[in-house]
Amino acid sequence: MGKTSRITIFATALMASTTWAVYAQDASKAIKIVLPEQPANLEPCGTIITNVGQILSQNVTEALTVIDAKTGLPQPKLATEWTRVDDTTWRFKIRPGVKFQNGKDLTAEAVAFSIKRMTGGTMTCNNMAKFGDRKIEATPVDALTLDIKSDRPEPIMPTLLSVVMVVSPDTPVDKPVNDPVGTGPFKLASFDTQSVALERFDGYWGAKPVIEKANYVWRSESSIRAAMVETGEADLTPSIAIQDATNSETDFAYLNSETTAIRIDMSKPPLNDLRIRKALNLAIDWEGLTQLFGDDVKRASQMAVPGINGHDETLKPWESDPAQAAALVAEAKAAGVPVDSEITLIGRNGIYPNGGEAMEAMVAMWREAGLNVKLTMLDVADWIRYLQKPYPEERGATLLQMQHDNNKGDAAFTIPIFYRSTGQYATVSDPALDKEIDTALATSGEDRAKDFKMIFAKARNDVVADIPMYHMIGYTRVGKRLDWHPDITTNSEIPLANIQLKN
Amino acid sequence: MTALISDITVSPRTGKLRTIWNCLKRDKLALAAVIFLLLLVIATLAGPPLIGDLATKLGLRQRNLAPFSFQHDWIYFLGADTLGRPIIARLVVGAQNTLGIAFAAVLCSMLTGGILGLIAGYSERWYSQIIQRLADVVMSFPSLLLALIVLYTLGPSITNLVIVLAFTRMPIYLRTTRAEVLELRERMFVSAAISMGASPLRIVVRHIAPLVLPTLLTIAALDFATVILAESSLSFLGLGIQPPDFTWGAMVANGRGYLANAWWISFWPGLVILLTTLSLNLLSSWARTFADPQQRWRLQSLRKTPR
Amino acid sequence: MLSYIGRRASHSIISVLGLLALVFFLTRLTGDPSSLFLPLDSTLEARQAFARLHGFDQPIHWQFLNYLRDLVSLDFGQSVRQNRSAMEIALEAFPQTLKLAFVAMALAIALAIVAGSIAATRPGGFFDRIVSLVSLTGASAPDFWIAIVGILVFAVSFDLLPTSGTGSLAHWIMPVFVLALRPFGLLVQVVRGTMLSALSAPYIKTARAKGLRRKEIIFGHALRNSLLPVITVAGDLTAGLVNGAVIVETVFGWPGIGKLMIDAIILRDFAVVQSTILVTATAIFVLNICIDLLYAVLDPRIRY
Amino acid sequence: MSPTSKSTSPLLTVENLTVDFLSDESPVRAVNAVSFDVSRGETLVILGESGSGKSVSTSAVMDLIDQPPGDIVSGRISFDGAPIGNLRGEPRRLINGQKIAMIFQDPLAYLNPVYTVGRQIVEIFACHGVASGKEARERSIELLRRVGIPEPDTRIDQYPHQFSGGQRQRVMIAMAIALKPDLLIADEPTTALDVSVQAQILDLLRDLQNETGMALILITHDLEVAASMADRVIVMNRGEIVEAGVARDVFTSPRHAYTKKLISALPHGDTAEGGNRRSTIPSGETVLKVENLTKEYLFSQGLFGKKQSFRAVNDVNFEIRKGETLGIVGESGSGKSSVARMLLRLTEPTAGRAIFAGEDIFSMNQARLLAFRRKVQMVFQDPYGSMNPRMSVHAIISEPWAIHGDILPQARWKDRVVELLELVGLNPEHVDRYPHQFSGGQRQRIAIARALASEPDLIICDEAVSALDVSIQAQIIDLLADLRTRLGLSYIFITHDLPIVRHFADRIVVMKQGEIVEDGSTSAIFANPVHPYTQSLLEATPVPKWMAVRAPRPTGRARDALTL
């Protein structure tokens, strides 16, 4: 074979493969979803991790309950109904006729196994974080009835159980797995370094999804994810940056249950002065800052998003009033507050799109108001030291960039962490407030929401422990052949069963 | 052939600078590179006082302002970035950090690498071995990991970034120096110095180091470009310079998300990086030709005898 | 020769062990991984339990001794994040990077030799100028920038190539191109420079006096002699490439070891960090020994 | 090919050749209006010192001058009646290698180091389409055998660095005569070689010329080589021909002043005992006494091979008295330079003692060594290499004072440097210049000034004049002799060139393969050499052709048996 002919063949092969690659996505019922990050593992106990949940939740594994995106209330899934037997005990009826993907039947025993696997402490289970320090214990009553006891009154047990993924009793108890077996409409076909593939599970108890196969890949650059959907290489990406959301036909915004804020370390001067904390809120040019996040974001006045039980819609966000901010600073200075001492704003790299720019902008605004704020951007691991207790000893007066995700329908996943003196992220230490929080947590029904609202109002008006920024917006790009819209749960799950094909 | 010429021309020093200038004039690319670099240095030194705080002043209402618009101040001629800050101002102020970091890093790595290389090359003691193994270790130590470690343990700062970059580039100098020393120490003038009673220190400092230096400087010019690019890669991965400090590399990295709809944010810093590194590369290529007696005539205006 | 390889190998093993120890201690300076593995809102107890489970609560020298003990039995540890053997993960990713680096380097070297040699035959000529300018320009731009622009142009605007990922031959084009750009630019300069000096070497005069054809002189005599410095630089660049494919892998979603390493570093998956470094460092040392042997093959004067 | 058919018309004619080398300033004229010709069977010698342009004119014949920087201003070159000056490409290939071949001074550099010699010879057959494959190889082996390479069928697969200097030059010659060229140009073919090897190469060239009847142009700076080979001679100086004519006439009755100067500088020019530069001061007390000096190198062969030892210097004894010059003579590899290096403790001896001022040099501690190194200085063969190119003359000469702080206060350095420069005959205004701005002879004067700076008792000169042109050699020797008389110095003068020391050394030690084979007073050795090796060294001095024609050299074959 001559040199030339070999080159020709190579070139032809190259061109052939090119065209093949571009038109690989045919109109079959297989779709490709491109995620921002590779899922480290596929352990069903870690579905609260975004990239694990987006693959597994409601697709491979299901829980007893599911949170309604609009009301924030738990709805039946693998449980058909539930009642509160006494203060600390709830009784769940398990859906009959449900099979695991390995053919086993779903029983109360299996659910108890899943709960025990999560709470047993023999392996690290991320989803446990939602339970805080609660202890729960599950006891099967009969084949399809399960009692769940908690160590203290737990009004929102059905909500909490929405994070407990029910897995086949064959799953190892003491070891995380990468081949989960659940009851969902899809089963795992393969998982390697480049993709995860799901296939429709024909023995599913519910309605048969339209989609037959789903392939998940990952690209870290937003522009490339957007490009992949645009060129038809992928059908859906749950997250693109605002600047890439330029096509109103394919790009949809959704409130993503994240709330951004700056936490104020109340223990260090000058931040221990209320006037300064208020000034920090007032000094921001909110209208200008909003430009960074797009017109769809909603100014936040509290750390939980609308739709969460306890969110107070009437609570007003801080207005922009640089004059008053300067006045407050001056007043504090007159009162002997060391307003000139340096305040460090600790930001985290890549926390959310344009997060770094926002911090730069805010620092500039605070400096205008006469506060000596310095920006330090840290890597996650370093940043976490400031986020979580115990805080570093030598920290000084700090402001901390943070973001809080509550998609679990109840302010109980927010308030104690931030405002109770024992809270993981709290800088407040107020016994009276602690008491109010404890009361609210034990309350149920209407009063529960009212109590939470009161606490949010107090945090906003009297304590000013933080600078709530925005209820954030996520953008998805959805390929033209799919009929699907994101909602507040998209950050934690993408139920393939909800995706329809056009035509 | 050149041996012939060199024997014939025992020319006194006719202004070394003049010779350089004449040779530079002949290579238009290198000349352009020199002019660009000079302008850059002037802008870096004189620009910031002129620009003041424009580079950090927010203009949230002119976010991503497109370039070449005459409706705004001249400083917005190249557009504005994601916080509405004028790109021209950012480029000028960013030059200080970019070039400063690169210069400091190259200098540090050249000094440490050079000194260690001199020791490793001249001495045959145990620490010579240690130094070489150390160089091996550094060579295969991922710079990203180092960047993260330094970032975490020492905190984000320009100094620490310089440490990271200097450390990772150091082995190049070490190995080059060592190789040169191994050759130079066998040279006759070293033997001559030893026979006169010169101490090892004197030999290394007076006789060997000055001869290694030109090679190191050539590498340094190339390395300067490499360091600027490495710094921008670190920024891309979030391990580089941290806001509010910025460099051209960080500007490119931050603007990359806007390439599809506001290309100018990362294009202009990318362009100045490209022009700077290109200039340095061209200049060092010119310098190699200039330094090589066999090739230098290529840069000279050759006047033929009229016939 | 054998003894030389043995000596080099033993040096390399010392270096690798030193490297592993250094990495071990230094990475553990970068903070407690438990807060990174667990959700932000998990309790202090949960984090302590996690640390206990993975031995992060032990004194660091104990951790290191345990690591060494496991190393002897070829147990390189478990990835905390991926629930798998860290070495298995590293060895899965490494060939992907190796393939990419190999193709990119082969392309860069081949093109650089051709372009650099031709440029050296007419220094200062038109072709020389163009080659210098193009190659240096390619080597002077940030690679991630070129990669993203490349995707936007070739995949999105013109729809010629896939944006990213692996699979067909077409998927190789952009990553290889981006990865090869800088080595190509630097190597062209090296080839050109060494060719220039080789072309003025005495033996070229002999070849001309012998009446050899121009082609034979350039490619037979000059090129062969200028390969040695080219190999040296190419070797250094390859070593850097194995380490530095991170950017290309990140942008193009190439499941290589660079991306694996940076992820592991950022998320403090220590066992994976150690394993990836062990793999890449070994590869670099093997590469260096190969280059030394290649020297001996290319230059009969070099004997070890 | 009959040598007589065209003998009337010259084979190669060069007329009015002028070559410039272009640089930033005005062009440098390398060759100016040079004309010469050569006929078949004839040997033309182009004689000149370095920089005389003698190589440039022949390079032009073979189109080996790169233009630019070279520039052939004028000239007609015709071969066999046809102009060849402007030939390029294929027509040029019909000349180069086929009709005209060339060999060079430094075969190691002029042979491609990465190819076997076989490949490089076969290449000639292949590229001119004469033979290829097995046949070409057979012919190459045959050629190697012809030029006197032993075991050519195995050595053909070896690389240039595996041959000795003389053998490499033989390989070059084999390549050159492969296609039986009509003209062979030999550019300083024997300069880097020992005298005995030099004679063999010259014999080979002569024999080949007799066989094929080719014309030979020999370029050399060495008058004896020139005399032994030339039918006709042209003498070049500064790019111009100053004298041309039949060899005997030029050598015996030179007309041009430059030629006269060259011939008078010849150390063998007069054999009379007069005009010598030996010491006039009677020998005083012993300065240095060397006893049983031995240097042994150990090396291992292969992976498991036993350690083998090699004695570079074996049981050497000599002594030197104040004001005396001791010549150590030997060819390359004789161990003479190892002796010098050991005496200065640049390498450590394996055994032996060297007593200097009552103390053994080899057992001195660092402090004593420092004091010793002030008293003994060395002048190296290559003055350029022995001086740091980045140091000015001032820095070079004052370095001993910087090292030995007690010699001279810094305030006086400047004056003293001027004094020393004047002492060695250099312009004191040049103190701020750098070594490359001086000529070879001037550099060696600087080196001598540096050696004198520390006021030594003994100076060791290691091939101190070998790299210099003949006329310069004489000047330097005169200078050394003068300094010895004025300062009462002692010298150890190491050289491969026996005649050079004839008028300078008081006593001579002849070394061969690490051992002293003969020693005695200079006059005794020259008058009555005892050892055969000394005899062969003396004999190897070429005999002028016009004297040798009648009496063919009987030693030719015997000398071939000498190992190279």
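By written order: A, B, C and D. Residues from 1 in each chain.
Convention: a contact is a pair of C-beta atoms (placed from the backbone, for glycine too) under 8 Å apart; a residue touches a chain by one contact, two chains touch by 3 or more.
By chain, with names taken from UniProt: A = Peptide ABC transporter substrate-binding protein; B, C = ABC transporter permease; D = ABC transporter ATP-binding protein.
On a predicted model such as this, the values are computed, not experimentally measured, just so you know.
Quick check on the contact graph: shortest path length from chain A to chain B, in steps?
Contact-graph shortest path, chain A to chain B, evaluates to 1.
Select, from B-C and C-D, the pair of chains that is joined by more C-beta pairs in contact.
Output for the comparison: B-C.
Measuring centre to centre with C-alpha atoms, which chain is farthest from chain C?
Checked the centroid distances; the maximum from chain C is D.
How many angstrom lie between the CA centroids of chain B and chain C, rounded to a whole number?
22
Give, as an integer number of Å, the spacing between the C-alpha centres of chain D and chain C.
Each chain's C-alpha centroid was found; their separation is 49 Å.
Could you grab the centroid distance between chain A and chain C? Build each centroid from C-alpha atoms only and quote it in angstrom.
Result: the chain centres lie 37 Å from each other.
Between chain A and chain D, tell me the centre distance in angstrom, where each centre is the average of that chain's C-alpha atoms.
Computed from C-alpha means, the inter-chain centre distance equals 85 Å.
Pull out every residue in chain C that's touching 2 or more other chains.
Within chain C, the residues that touch at least two other chains are 30-31, 148, 152, 156, 200, 250, 266.
What parts of chain B, by residue number, touch at least two of the other chains?
148, 152, 238, 256, 259-260, in rising order.
Enumerate the residues of chain A that touch no fewer than two other chains.
221, 223, 227, 379, 381-382
Applying that definition of touch, give me each pair of chains that meets it.
Every touching chain pair, ordered by label, is A-B, A-C, B-C, B-D, C-D.
Considering only the defined contacts, which chain C positions touch chain A in the complex?
Within the complex, chain C contacts chain A at residues 30-33, 35-46, 49-50, 53, 81-84, 89, 92-93, 96, 148, 151-152, 155-156, 159-171, 173, 250-251, 253, 255, 260, 263, 266-268.
Show which residues of chain B lie in contact with chain A when the two form their complex.
On the chain B side, the touching residues are 56-58, 60-61, 63, 82-83, 148, 151-152, 155-156, 238-239, 242-244, 254, 256-262.
Name, in rising order, each residue of chain D that touches chain B in their complex.
For this pair, the touching residues of chain D are 18, 20-30, 50-51, 53, 55-56, 59, 65-66, 68-71, 73-74, 341, 344, 346, 369-370, 373-374, 376-378, 380-382, 385-391, 399-400, 402-404, 433, 436-439, 450, 454.
Give the list of chain C residues in touch with chain B in this complex.
Going by the criterion above, the answer is residues 11-12, 14-16, 18-19, 22-23, 26-27, 29-31, 123-124, 129, 132-133, 136-137, 139-145, 148-149, 152, 156, 182, 185-186, 189, 193, 196-197, 200, 236, 239, 243-244, 246-247, 250, 261-262, 265-266, 273, 277, 280-281, 284-285.
Chain C touches which residues of chain D in the complex?
Chain D reaches chain C through residues 62-64, 66, 89, 92-98, 101-102, 104, 106, 109-116, 123-124, 127-128, 159, 161, 172, 175, 303.
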